[in-house]
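One structure is given here, and the rest of the page talks about it.
Letters A, B, C and D mark the chains as written, and numbering starts fresh at 1 in each.
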Amino acid sequence: MKMNLVQAIGLALTQEMENDPSVILLGEDIGEDGGVFRVTEGLWQQFGDNRVIDTPLAEVGIIATSIGLAIAGMKPIPEVQFDGFSLPMLDQIYNHAGRMRKRSQGKYHVPLVFRVPHGGGIRALEHHSESLEAFFTHIPGIKVVTPSGPYNAKGLLVSSIRDPDPVVFLEPKRIYRAIKEEVPEEEYTIPLNKAEIRQEGSDVTVIAWGAMQKIVKEAVEKLAGKYSVEILDLLTLYPVDRNTIIDSVKKTGRCVVVQEAPRTCGYGAELIATINDKALLSLEAPVQRVTGYDIPVPLPKLENYYIPDVTRINKAIEAAMSF
Amino acid sequence: MPKDDIKIDLDIFQILNEDGKIVNTKEMPQLKNDDIKRMYELMVLARVFDDTALKLQREGRMLTYASLQGQEAAQIGSALAFQKNDWFVPSYRENGVFITVNYPLDMLYQYWAGDERGMKIPDDINALPVAIPVGSQIPHAVGIAWANKLMGRDSVAVVYFGDGATSKGDFHEGANFAGVFQVPCVFICQNNQWAISVPFKKQTHAETVAQKAIAYGIEGVRVDGNDVFAVFKIVKDAVAKARAGKGPTLIECVTYRLQHHTTADDWTKYRTPEEVDMWKRKDPIARLKKYMEDEGIWNEAYEMQVLNDAKAKVSEATKKFESAEPPKPIDMFTNVYEELPPEIEEQRKDFE
Amino acid sequence: MPKDDIKIDLDIFQILNEDGKIVNTKEMPQLKNDDIKRMYELMVLARVFDDTALKLQREGRMLTYASLQGQEAAQIGSALAFQKNDWFVPSYRENGVFITVNYPLDMLYQYWAGDERGMKIPDDINALPVAIPVGSQIPHAVGIAWANKLMGRDSVAVVYFGDGATSKGDFHEGANFAGVFQVPCVFICQNNQWAISVPFKKQTHAETVAQKAIAYGIEGVRVDGNDVFAVFKIVKDAVAKARAGKGPTLIECVTYRLQHHTTADDWTKYRTPEEVDMWKRKDPIARLKKYMEDEGIWNEAYEMQVLNDAKAKVSEATKKFESAEPPKPIDMFTNVYEELPPEIEEQRKDFE
Amino acid sequence: MKMNLVQAIGLALTQEMENDPSVILLGEDIGEDGGVFRVTEGLWQQFGDNRVIDTPLAEVGIIATSIGLAIAGMKPIPEVQFDGFSLPMLDQIYNHAGRMRKRSQGKYHVPLVFRVPHGGGIRALEHHSESLEAFFTHIPGIKVVTPSGPYNAKGLLVSSIRDPDPVVFLEPKRIYRAIKEEVPEEEYTIPLNKAEIRQEGSDVTVIAWGAMQKIVKEAVEKLAGKYSVEILDLLTLYPVDRNTIIDSVKKTGRCVVVQEAPRTCGYGAELIATINDKALLSLEAPVQRVTGYDIPVPLPKLENYYIPDVTRINKAIEAAMSF
């Protein structure tokens, strides 16, 4: 069936809840209301109050009770309403979700999936457009996943729910309804350590994840075959599929990394460091970074100037090619 | 030695009832007719401002907007009860307060249309900009009040938030600091019964917001948030008390959000028309109008004039904000630091 | 319709007073002599364990250690009041509870000597590992209790924390969830009057911890934390109530930390010997001993036996933990994920 | 006078408090007790309750009321007791401290200095050994400073206090008492954008900050002149002195970055990305990263195996040299 991202995520949630009675959802307005992005629409009606739980307005409470729930045998899927409000949760994620297995010497583990509508581009209020993957990927003990379309969203979410460790699942809100794809009803999973090559190419590797995939695709289309571009879609940011990245960069010798978050200490820097480690000699040009700026995401009137776009991506591809 | 039991009065303090009658003459504040008219005019202006924002939003001329309808008495009544040198610390639903402290209407629209320049608060207004993260502004207000105390300033901080905000750690830690350091801060919770789709009874097992004050050893009061006289009186007392160095107060204004949470929301999904209708009958504006009519300071002509006045102001503001130059993209790099770090300087150059 | 006032009794519930006399016969729980002896023996064991830890620390054989002295009644009294299938969620000061639930003493020492293997909780103990960040474990306990409720398990979660912890957002958000979802959780605050150097009266302007329950619409109780019978009784009731699905309880055990905050601290900097002496006279162990003597179930011979027993256990634990193989450095890479990600696998190889 | 880091920081605080009545300190146990590291010893006695303030045990309260205090004209210096407890504060730092200037269009600014005892190596409990600079440097609107010895600690702290923007001041707790240096009583400042060349060299550049400086020094001493090593001490991590870094790497062609934090998405990755941007062609070997591992900092018994040490640093220098 053709579905958008919202529907694909909803389907994955529904099916996993049907399969496994320990899966529960908790968050603000996810119940009767169906969530501010309508991702959980209909689930409360289907599964009831005890499995689709409207919580008080308290992000620490949401994540921290989820940790307790997970330790005691449930599979909680806490949701934060917008990425900017996930910051108070970093404490419990860093100090507890990522460490409980270690601290208890393997006795306990925390199989939760933390759903985060991620990134900008929806003309929303302040704090509704953040990209915090660099924080999450720096935290030991957790995995970080971000789909780029309906098909992989479903497969990745199912894998995340079944994963025995805490997974941060970043949902690119900008493309929640922007992409429709064929999404099978049948069960399938996508492993949490594999990048995908969206397009093969030999001149330059472009690496992106989440919502930036779509922009990269548009950018490369605009180049109209001027260069042979290889496009990588990371899907999982930690652990990341370094082999695919390195193989591609070794092949092309040039690389562009596209990241929506502020530039300094972003996830793109880690990719460059990885390439430095394992493919430096193959590089024919510095890896180009197309990123958000080191400033707060502007309000909607200026937001589009902040987020990497086709022009900036193609400028970077040109820079890589002409170095 | 047996301790005194702690007691808190959970009755809702009311002066002007749903029918526009004074039910508590003893507590009725000393207000001249002009004061009462001012209250009324501001409440009407806020309603017109709000209606227009909703209309502009439907037409795509405004972005996500949070309506204050139903909460005019809580906002205008409280805003008239503090002084110019006091600080006002808003959430995102306080346009009625902004209007009362003379914030330029066109700038409010500008802000809610996604233009950051709308939050350039005029020099003579002591307000923080709109805070979107629920509850996060509460400890800021406590800090401001604390600074006022430390610097011996005759200034109180008044902070606004919703019922949902009381569930946040920021509320808890802020209110507790306020109690410990006895800062001149007044906490105004507009309990409008809903946090988006979550009703107050699912927000907390406490029956009231006011009783949460007990956790901090500070005073808690419940007031009819649709009764402008009661709100005015209670807030005025709390502000005076804070100013006199007698500590903070948590005020629960029991009110109701008549519209959707924001323009992105649809309340029909989670509440009944009956409930909304029930609260419409408690409308703060209708109630005051009734009172004024009985007092002989309201008539149809006056109403027309007030309404026309409000509409004129709002339409002028609409014109002004819509005809403003669009913001310059390069300006997104300003006001991040006092001096732009080289990293951003480079990014800025790159952008050009 | 006028609401009932909220009332809370701030008296401290006591059964056994400072002089070892029963002052509240009506509430005295049904305890056999052996039960009372068990209480006494555990309290003595905890004291000896603690004294030894302090000594080992002074000798450099132990790292930072948080003494529980003065809090034995609160810990042992409460720990005896829940069941094996209940969950116990500790902070860092709960060695008395760990001892009561039969946690291997040598492993406790091992943990406090900086060896993570000491926190490998035996299979038959439902406890979370020690939580160092103050208050952070409270919402975990709420989550566990919630899981128990959702899964229909006959198990209650009992969480321990200090007076300082009540200032944290984690306490607030956790307790509020507990109220809203009516989970079987018992909150035990050992109000030992100090959070390191900060006295309770600077921690909050509330006179008591118990009254903070009002903020969450849950029951709050104050109990003499140095009275093992009172603690046992109150916690037992609260656990039974939680088990019966009647909601959570916040229990304030009014007690005192007789030693330094931890071995890294020096209380002489911030409190007076008089204060400490005053509390020494309320020592929970001395009090119980006096009672038992009056009842004819304590004498010098018994005392010697209890003490020798405790010392033997503790010295065996000391030997055992000190003769354990040192941990293998490579093991720092285990138990981070179920399956080691390639990134860490590579780091691990590099390390070898 | 010869002083250690604790004394130098104490002196800077004392003098700035004497100079400027709007400077106040707030934190847990910093008053009568003098702070768990004794940094504020004597200050409560000198300045009293209103300027050296013991707060309730509430990290969000500490940082968030400091933001309010700063907006209203004070210069608050909030302290967190240990780095691991700063995580709940990231929300207010990210969403408010770093944005208030922007949000208010320049009307307000937040001149606070957030003091954080930083890093491991003191054989302490869990959560007492974290290095979170990668989080702070990713946050727009704030500066991040970390001294490496008593002399620069004083000068940097004075500059931080006088800076009009929020500064996160990371104090390497492991060397609080490990280094004594001559520290002038007289006023001096050290600018918040300058790295220092601790030792000139031509073969390889070693970059470190905070407590790692000392280990790097020991490592290089152990090499006994085998290579000509240039040692950079960053002092300020944001904004960072990229010119000094680039000039050095251009000169030596080889570089080792030493970071105590977990490897992935650490600050070292940003340095490598910077070198990739501006000096790729000068590189004769991949930049070597010596870092903590992607695991929680182990408890004291194993902690020393986690933190970069002389052996690992010299192995990396050898790797860079022999590539």
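In this text, a residue touches a chain if its C-beta (ideal position, glycine included) is under 8 Å from a C-beta of that chain, and two chains touch if they have at least 3 such contacts.
Source: prediction; values computed, not measured.
Counting C-beta pairs in contact, the pair that comes out ahead of the other among A-B and A-C is A-C. Set against the Cα centre of chain A, the chain with the most distant centre is C.
Rounded to a whole number, the gap between the C-alpha centres of chain C and chain D is 36 angstrom. Look at where the CA atoms of chain A average out and do the same for chain C: the two points lie 41 Å apart. Averaging C-alpha coordinates per chain places the centre of chain B 43 Å away from that of chain C. Touching two or more other chains at once are residues 55-56, 58, 60-61, 84, 88, 91, 95, 102-103, 126-127, 140-141, 238, 264, 294-296 of chain A.
Those residues of chain B in touch with two or more other chains are numbered 116, 130, 133, 167-170, 173, 176, 180, 202-204, 336, 341, 343. Those residues of chain A whose C-beta lies close enough to touch chain B in the complex are 28-29, 31-34, 36, 54-61, 84-85, 88, 123-128, 263-264, 293-296, 298-303, 305-306. On the chain C side of its complex with chain D, the touching residues are 63-64, 92, 113-116, 130, 132-135, 164-165, 167-169, 195-198, 202-204, 264-265, 269-270, 326-327, 329, 331-333, 336, 341, 343-344, 347-348, 351. Those residues of chain A lying in contact with chain D across their complex are 60, 84, 87-88, 90-91, 94-95, 98-99, 102-103, 126-127, 134-135, 137-138, 140-141, 238, 261-262, 264-270, 272-273, 275-278, 280, 283, 285-287, 289, 294-296. Interface of chain C with chain B (complex): residues 2-11, 167-173, 176, 179-180, 182, 202-207, 211-212, 214-218. Residues of chain A touching chain C in their complex: 24, 50, 53, 55-56, 58, 60-61, 64-74, 76, 88, 91-92, 95-96, 100-109, 140-141, 143, 164-165, 193, 238-240, 242.
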